[in-house]
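In the two assemblies presented below, chain A is common to both, partnered first by chain B and then by chain C.
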Partner chain A sequence: MSQPLLEVQDLAIRIRGTGRNLVDGVSFGVMPGETLCIVGESGCGKSLTALALMGLLASPPLEIAGGKALFQGQDLLGLTRAQFSRLRGDRLAMIFQEPMSALNPALRIGEQIAESVRRHRGASHRAARARALEMLEKVRIPAPETRLDEFPHQLSGGMRQRAMIAMALANDPALIVADEPTTALDVTIQAQILDLMRRLRDEAGTALIMITHDLGVVAEMADKVAVMYAGRVVETGTMAQVFGDPQHPYTIGLMSSMPAFGAGAGRLVTIPGMVPPISAMPPGCRFASRCPFRLPRCEAPPPLVQAGDHQAACWRAPLDALEVTA
Partner chain B sequence: MSTVSTELAPLPRRENRAWKKLRANPAAMVGFVLVAFFILIAIAAPILPIDSPIATNWSQIRKPPSALHWLGTDDIGRDILSRMIWGARASLLAGVISVAIAVVLGVPLGVVSGYLRGWTDATISRMTEALLAAPFLILAIALAAFLGPSLTNAMIAIGLSAMPVFIRLSRAQTMDVLTEDYVESAHAIGIGHAALIWRYILPNIFPPILVQATLSIATAIIAEASLSFLGLGQQPPAPSWGSMLNVAKNFLDQAPWMALWPGIAIFLVVLGFNLVGDGLRDALDPRDT
Partner chain C sequence: MSPRQVILEARALERRFVTARPLFREATVVHAVSGVDLAVEEGETFAIVGESGCGKSTLARVLTRLIPASGGSVRYAGRDLGGLKPAQIRALRREVQFIFQDPFSSLNPRMTVGALIEEPLRIHRIGTGPERRARVAQLLERVGLPAQAAGRYPHEFSGGQRQRIGIARALASGPKVVVGDEPVSALDVSIQAQVVNLLADLKREFGLTLVIIAHDLAVIRHMADRVAVMYLGQIVELAPAADLFEVPRHPYTEALVSAIPLPDPGARRARARVAGELPDPTAPPAGCRFHPRCPYAIGRCRTDAPQLSPRDAGGRQVACHRAEELALAGLGSVAAARSPAARKRFDLYRQARAAQAQTDQPPAEGGPIQQGD
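Here is the complex of A and B:
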């Protein structure tokens, strides 16, 4: 195997002045051209992880409490603001959740795309504009020559998201972080955008970290999956491994709470209880209070261990060693 | 999934909504007409077939409106129509230039203050509050008296007095814009400070500043008239509506028209700018669509 493009080790994020970490001991790796989906419910720390990688954490009040994120051999977490702003939009790009508000309403679409080309490549106005047009064509915006000179309010939500993708890809980044890129769009547009992202990713060989709570999106896009719960990675492996043989009780709960169509579809399964607030987070396994398979040793934090062909953070894993008592 | 078409039908082009709303607002249109009228006569003053505004005529002292002098004559026989038209130049010039001074100084200070925060913000904000503590006109009078009486100094005095409002406004608007998602996405493509301020902040704080500037022109015109009335603005014999009122107050019984015309003109031009300003505010308000 070649070198990973991004290697995150023990990333921890906390609110300044508090002890408990919002994101705790998160580790994962992304190979060049690979797609990693980080899944979890709202508040599990997946967006914080993405923002930390982009150097966009709102600090204060948030701060990095520890860990490393090696991107092409360079630790992202140790970069200065100036170093980060040279990297962002060039080798490292981000796609946001809200295409409605993530484009500058006072700047024409073409200029917004050209801006980052000019900044990072030192391209002339004319060359940057040509690149912007090329990008709009790539993301299949109809009548790109016209759209180039339009303002964001003249575009629909789906087209704005395409424009955002064009902005992110304009400098051929090695890695794109996409934070719920389809959540704000309706279902048919979601499908189009996912289709587009997959195609562009395959064409350019760009690695992708996709943050989502939608297991359907994961199934569409992922090579690898990291399931997060309450700030920790609870299970990680290839998409087939995690979906085919989930080892962590939370992942099992997530899978079974997916709505299904057809004759077998009964009541929707839910996971009982709620994520504990950060102030009352148990020191051991953070899922223990909701877990049907709880053991006395869940008082201690479970390490991420080999469970079958992938890894899970559960004292019960691997599951075939499970003596079912409940 | 791959069978889903990735082609979208093009949207029809939309007309500029703010402009459409402005045109549909009759009050704002009246304001535009008023303002345009005064601007036109002020510009056309040198080519209009009128008497010199400073030529005296001792046989035509304090004559009421007539075919010869449509608006009458003043206490030393000057044609009031001519003085009104030339006086419009002083009023409009004072209104526009003093607000331009206020905007050019106030907006950068406000944007820097809201962008950098910290001690820069604290320093600029405390100074702004000190200026705002003094009533607008009192401050303008004090500054004009300090600088010495002339139209130029009056404009500077009015501009400096109107500046704190623009500092406050642009600081608040900048802080507001900085919380927008598109600023975060600008960071995500590595935009630098200068580009962020020029292309992301300034264009987005422009609408409220435009509204405030229009309304401030009305206030500045009144301030210029007040300063000229007090002898701190336009100096005789050059005409200004304020200084014409100053002289007219001595002849209210004998020649009421001397006070009437400048009074009406000030009223109409201030009304015009206020109507335009209100119309712009309504048209540019994103909440009300």
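Here is the complex of A and C:
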């Protein structure tokens, strides 16, 4: 077994001066070339986790309350701003949901990509521009020579996302963190971008952390899955394990809530209520207030334990019967 | 399927938007809705799907007379909405209501939830003050919110709860038709499922006809009886929901269906069957509007605009020259075989939810009101 490329241990994020952690005890690893999907609903902490890894947490008011994130042996959480800006866009790259807010509106597409190549590789202007063109061709932007000299607002949403992927990949990063990269796109464009990301990832052997709320996207992209709820990882395993043998009541409820093709009409089986606000978060299992399987024991926080062939943070795992028989 | 009464009907419906004319140049005209014919039947859930810019939201607004048509006609219960006076339009609102995607931008932030839901009753002079307030409490309870919600303001609620408020307000005047523009799109999956169920229950209970605009095909497949697929302002296919997804007949429908990422690792991969993006709607392509992106286009498609065919025996209509000869791929056998372990868990979860609903007295389904959210 080779070394993990990134190993996150016990990551915790909170609002400075408050007690409860928004992200609490999150651990996962990513091997070189592997794709990990972090899936969950609004407020589950998936985006905060991604931002923390990229050194982009809005601090203050947010702060890292503990944990480690070892990337090629270096703890990302302890890096200074200067160290981070050397790393970002080079070995570590990010793709955002809304490319318009991530691209500089006043810089031509070509210049934005070339700038990052010059900066991290010390390439000449000419070489950097050649690399920018090569990247636009790679992400299959039509008429790349023309696009090179256009501004972000002249591109459609799908094309902007392609340009951002070109920029992220320009320096052959070892790891890309993509936060909902296709959420803002129409379904046919989303399929194009997922195709593209799969192809480029496989060609370059880049590892990918993909943040998404869409279990469909997870099934398309993931090797491994981490399901997050209210700041904690509640279930993790390979994609086949999590989809084939879901263990945590939240994962099962989330999958049941999705209108499935073929299942036809009838009522959807739902998760009742909603995520409690952080100020009212129960100290034990954070899903307990909505969970149909809860026990008195759920007032203590459940550790991530072996459940079936993977891991779940549930006192009832492995979940085999309606009633507790122990 | 027995023929039902048509309640809402569009004929050759047009809606153009004209931009302000720049100096020395022609104004640009966008044909957001371009020659749409459709008939919504009483009691059905009729869905309009398509990608951004296809004109589906505009169509919904023209159908409900929120904006006037530029050509063609809309008939509600046999009455032409074209020549209505403002007072008559107000009267129409009692029977045809609208639910917006983001209820926060459609709910006046300075009004309490109670006043918001009561407003349609006041406007239409329904009931006395106490009767109206009783009705508000009843509606709140029906959409899964506690009665105290009436005294609060919209900002105190989560997105899912605000959508419930929007639904209660839409139902207040006792409408026959409710049009929802992406009513669940902005919601998280678990909340979305609650609202989808709520809409289904209310539809049955109040005998509503629903017109749902959406881009999420899984939700549509679940909710709708019939679906109209729009592309660049026109309907390219109209069919019963199950058939449309099973065996699409228009190449664009095939592209939409095949692009859906299915939440099942054993299923087929989402495929981008069409290259390129939506053309500029101010200058739609000649012939079939889809031909520049269509993998099956032939010479005729470039020059000759196909018309929506009359309803066939299965109630299907399609606007494609090659509809008869093409065999297009749908979801077909996707009815994904879940693993036995997963199936067992889903069954367990369903049973546990049923037991939970019976035994404990959970807070309103919509969840508690959060202070200062």
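Criterion: the second predicted complex is superposed on the first by the 317 of 326 C-alpha atoms of A that agree within 3 Å, B and C clash if a C-alpha of one lies under 4 Å from a C-alpha of the other, contacts with A are read in each partner's own complex, and residues count from 1 in each chain.
Assume contacts are C-beta pairs under 8 Å (C-beta built on N, C-alpha and C of every residue); 3 or more make two chains touch, one makes a residue touch a chain.
As the structure is a prediction and not an experimental result, all values here were calculated from the model.
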First (chain B), second (chain C), both or neither touched by A:M258: second
First (chain B), second (chain C), both or neither touched by A:S156: both
Residues of chain A touched, compared between chain B and chain C (which is higher): C
Contacts of A:V305 with chain B and chain C, given as first, second, both or neither: neither
Contacts of A:G244 with chain B and chain C, given as first, second, both or neither: second
Chain B versus chain C as contact partner of A:P272, first or second or both or neither: second
Touched partner set for A:T188, first chain B, second chain C, both or neither: both
Which superposed partner A:P292 touches (first chain B, second chain C, both, neither): second
First, second, both or neither for A:M164, with chain B first and chain C second: first
First (chain B), second (chain C), both or neither touched by A:E220: both
Chain C-contacting residues of chain A that also contact chain B: 142, 156, 158-159, 188, 191-192, 194-195, 220
Parts of chain A lying in touch with chain C, wherever the complex brings them together: 41-42, 142, 156, 158-159, 186-192, 194-195, 213-220, 239-240, 243-247, 249, 252-265, 267-274, 277, 280, 292-293, 308, 319, 321-322
Contact footprint of chain A on chain C as seen in their complex: 51-52, 158, 160-161, 188-194, 196-197, 200, 215, 217-219, 221-223, 242, 245, 255-256, 258-265, 267, 269-278, 331, 334-336, 339, 341-342, 345-346, 348-353, 355-356, 362-363, 365-368, 370, 373
Chain A to chain B touching residues, read off their complex: 54, 56, 84-90, 93-94, 96, 98, 101-107, 111, 115-116, 119-120, 140-143, 146, 153-156, 158-159, 164, 167-168, 188, 191-192, 194-196, 220
Interfacial residue positions of chain B with respect to chain A in the complex: 1-2, 4-11, 13-14, 180-182, 184-192, 195, 199-200, 203-204, 206
